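Following this line, the structures themselves.
Two complexes follow with chain A in common, the first pairing it with chain B and the second with chain C.
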Partner chain A sequence: MRREAPKTITDYTPLFFPGLMLVVFFVVPFSTMIVVSFFKRDPAGFYTPDFVIDNYARFLSVFFGSVLGFSLMLAVMVAICCVAIAFPFTYLLSRCSRRVQTLWLVGLLSVLSLSEVIIGFAWSTLFSRTAGITNLFVAMGLMEGPVALLPSFWAVLTGMVYQALPYTILVLYPALVRLDPTLLEAARTLGASPLRAFFNVVTPALRNTIVATLIMVFVFALGSYLLPQILGRPQHWTLSVLITDQAIYQSNMPFAAAMAVFLVLISLALVGMTLLVGRKENAL
Partner chain B sequence: MSGLAINDITKNFGDFAAVDNVSLSVPHGTFVCLLGPSGCGKTTLLRMIAGLEEPTGGAIVLDGDNITAVPTHKRNLGMVFQSLALFPHLSVGENIAYALRIRGRAKEEQRKRVEELLALIHLPGFADRPVAKLSGGQRQRVAIARALALSPKLFLLDEPLSALDAKLREDMQVELRQLQQRLGITTVVVTHDQREAMTMADLVVVMGKGKILQAAPPIEIYRKPADAFVADFIGITNLLPIEADSAGRVTVLGTTVPGLALPAGMDKASLSIRPEDVSITAPREGALVGTVSFVRDLGGTIETFVEAGGTTIIAVATPRERPNVSVGQSVGVVLPPESCVVLKQ
Partner chain C sequence: MTDFTNRNFSRRTVLGAGVAAVGMLTMPAVLRAQDKSLKVGVYGGYFKKSFDEHIFPEFTKATGIAVESVAEPTGEAWLVQLEQAAKAGQAPADLSMMSQTSTLKGQSTELWQPLDTSKFKHYGDLLDRFVNKYPDGRVAGVGAVAWYITLVTNTDTYKDAPTSWDALWDPANKDKLGLLALASNSFLLEVTAKTFMGGTNALDTDEGLEKAFAKLAEVKPNVRLWYRDEAQFEQALKSGEIPMGQYYHDVTGLAAADGFHVRSTFPKEGGIQDSGNWVLSRASTKVEEAHAFIDYMSQPAIQGLMSRKVGTAPTLKREVLDLKPEEFAAVSSDIEPIIPRYDLYTSKSDWINQKWTELIVG
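== the complex of A and B ==
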């Protein structure tokens, strides 16, 4: 079915409300942030209107550079882990009966109702020496004595993957349910083992979905600032943690704004690059 | 034995027997059509032959080897799916070469085989086209070529032509049959279209409710149906009640028809007669008397509907033997005994 492009101003009326909301709640605050990022900090109070690029200049240091690098690396790893776990899982789920699917999806949705704080403290208990899962391993005879698994990078990664996994599955689910199951069967009749058929046929057929999901999880993970603090050491703190620290504890709004703008720009550039690479491959 | 043998195959889904103790022997190089209404178990049987469903009981033997427990990817078969299942991310050539590629055959060998197959399906030079840019008939051919890439022992097709429009479907039926004869490959096709089965098959297997009702060459299925279901399913037929009284006279709809006999021990049965065997005359002795209720003149054939004894009898004639009758006219319906098939009720 072809739709006609809207012509008169009345055709555009349905867009006014969402447009207004976007302006009020996104464009205005974001512009304010950009403006503030050029202001000068007033140590006695808040900030004074000005036009300085000190905030950005300060950011271009080894310290902040490495924090940015770590944040991006962490977000990429979370995205890859989530998709690597969620894709086969969702694929198998989509082959189950309706009843099983509903149960799993309801369970996953309930995980979404947990706040980041609860997830963080639950994992910090699970990874602790006194009450953690290592006690189970000891009881099973796999380990000598209980150890603390946190604070560590792997604890941060686990917590963040746990938090992002339900989103990943819910994004992948519709695409995998719609996938024609005979594609896999066709590959099998042509001599591919089920595992090989999965990688040969299912994965490439859903490449665009996978890329879109990777980007979504990446952006989602980039904003996480509680879990790295609860589960990690200071060297595992992300840029979001530093932004929060500057904005709330150091009262340095201009510098926090500059870091936030920078983070947004870098993320946009990465997402844009991914899409560009995806489009080029598609054209082949 | 060379060929495909299906021995006492059963498939249960819970309490429901989709395929119920089916046995069938298919000599090498035979074209078999599994024919039946939806839900009769024909697709399930085909999927078991392919290894995509596991039989609840029984064995499938291919060229003397029991392949019941062999996984699909080791069965050496080619299959065309109803949805065709062409890989959307691969080009025509890559689709066809898939089976060769995953077996690690040399690029040159792959390219040569793809060219051969594209010539076979009358699509030379299509190797680099994306699958999405093909028409329905072209996709159909590519799916066939892909399934044949490794010269499999067994060629399976699940309602392969159902997505095509009527004219193209008729063309493809002929083409598929010619292709199969040229390659001499044992082929099993699932279809619900009796015309398709009649066109292509050496052996038509009519299924109903998970069982084989009749397995025979097409013309025998048409001329000598095993029961009323088969007679009704294959083509158009007139099914009329037939009775014998104690004196041995056989009557159809209350009229004595000379030359008809019922098998011993039966006094009631169904009579099946094809519309083209029924002729319309003036009312006379030995003919059923009825009233013309409708005449469908299709140009190539003329169908006359006659109301007689509470049922409608259809007679088909060519323009040359056109019965000059009009609606409401009283006519005689002649049932030549040699064309009548008596079926158990």
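== the complex of A and C ==
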């Protein structure tokens, strides 16, 4: 197939629709949010158009700083856990027969049909004292009596990893399927054990895919606000939970917008830094 | 109270939406048949369903005014929509059910048309707390529905019912409580003030508020769940996972009637009474119909009907009602209720919310 660079404006027409969608559904709402974040809040009513930085100033406190720090830490941990589980899993999956692969992928896709609410409530039941998995351990004689495993940080982490894992696998899958099998054969011929070949050949060969997946899961996890509420204590609430409180319950749109803008900027900066570091290392 | 509309009726809501959609298609015919009509906003889900089924048809029969009910979204979103529509001269609903805090916020922009109370036959029978006035005395809203938040327990875990809100502070209840997550819907500052500081007037000053916050901080180790979503707590209460907390009196009563081992208790300091008003958007032209509606809704017979069918507490004095003692007890109590200090959530809202969030998150 011959590829030509687009020459006339009509060659660009296929881009108009996605471009328009991007403007309508991303650029316009995001710009509105930035504008609102500078409006003046009226505690007794709504807000008035203005240009004040109070909303950003209020955010710059130890309290919100620590909530932001926790949210970022949680998202990073979810990303690392997901990739650590999904990468070896997807690698093994890509070496299975076609039929087994299809079955697994259909199963994973069906997990995606579960909403965050269902996942949250299902895990809260599984972790409960009255009906949870510890009852099973008691029946097996492993534990004295049932205990509640929630609310806790680990419950939040488990729920969020569960939610993000199918996405992680589906993102990694194409790259791993397309991985040249001769690379591995060469490594094995040269005497590497399967484990060694996996870590020294497969993993470095897919570095960029892994970094991209980490970023995707990180961004995905950063927006989570339901699971921390259902499975965690208030100290495990993410910034998204506090944004929702401000927007929906206190109708403090300017402050909610300022927090959201801040969150977007911080995560963009982190993603940028990751890409930059990756590029430098690649250059070496 | 915002989450009141979010009760676990989601499936019914979906079904309701389908029915409503079919209803919309047939609506023009209905409207043509009636000379007069009124758009009434009610909290979506359970309330809208109950009103559509038991209340609105009776009103249309009695007055000849057709009612088109509009489901209000939760939170203050509806207030914001009404405000923005009014600026454009539109009224998505003529009358709306509006929470007390939202009613006060709407006052700040004169969003509500003052009501002519001489048109309400039973105005004098309304309890004072159900008349919402502008600072200059004009009436901005009249009580629409009221409900109680009480002290609820699982009867398997607690053989005897607690008698006072101070049970929340009892060290024996460590990690056993489910409480609402926001200052403005849990009203726990008011509970603290009434239980330990002699009344909600103690919250008039900043020092009083600080003291209430300090006392409330002692509850934290006992709290297992700070909930925004009612289904989350209701399920845990029924199973005994979280055996004590604050919850809605009427829903707990329904659960107990269904055989779940739960009970709702009015503590000696009183249950928390929250309520919504009927308010008339300034963009509405249906002033006469709206007054007829509020007049109709404020009759003792209709308040009784609502208590029996919808489970709301009456807005009228008890002596004019025809409720039997057990019917009254199912929705209310003779113990003087704790009335939330709604004024605080407009005048000091940001300060209180910030302190509250730091208290429970920190």
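Keep this in mind: the second predicted complex is superposed on the first by the 280 of 284 C-alpha atoms of A that agree within 3 Å, B and C clash if a C-alpha of one lies under 4 Å from a C-alpha of the other, contacts with A are read in each partner's own complex, and residues count from 1 in each chain.
Here, a contact is a pair of C-beta atoms (placed from the backbone, for glycine too) under 8 Å apart; a residue touches a chain by one contact, two chains touch by 3 or more.
What you see is a predicted model, and the numbers here were worked out from it, not measured in a lab.
Of the two partner chains placed around the shared chain by superposition, chain B is the only one that A:192 touches, whereas chain C remains out of contact.
In the superposition on chain A, A:242 makes contact with chain C only, not with chain B. When both complexes are overlaid on chain A, the residue A:128 reaches chain C alone and has no touch with chain B. Of the two partner chains, chain B is the only one that A:204 touches; chain C does not reach it. Applying the stated contact rule after C-alpha superposition, one finds that A:54 touches neither chain B nor chain C. By the document's definition of touching, neither partner reaches A:116: not chain B, not chain C. After overlaying the two complexes on the shared chain, residue contacts for A:46 are found with chain C alone; chain B is out of touch.
Considering their complex, residues 41-46, 63, 67, 121, 124, 128-131, 148, 151, 229-230, 233-235, 237, 242, 245, 248-252 of chain A touch chain C. By the touch criterion given at the top, residues 2, 74-77, 79-80, 83, 104-106, 108-109, 181-182, 184-185, 224-226, 228-229, 232, 235-236, 239-241, 346-350, 353, 357-358, 360-362 of chain C touch chain A in their complex. The residues of chain B lying in touch with chain A in their complex are 50-52, 71-79, 81-83, 85-89, 98-99, 102-103, 146-147, 149-150, 156.
On the side of chain A, the complex with chain B involves touching residues 180, 182-183, 185-194, 196-197, 200-201, 204-205, 207.
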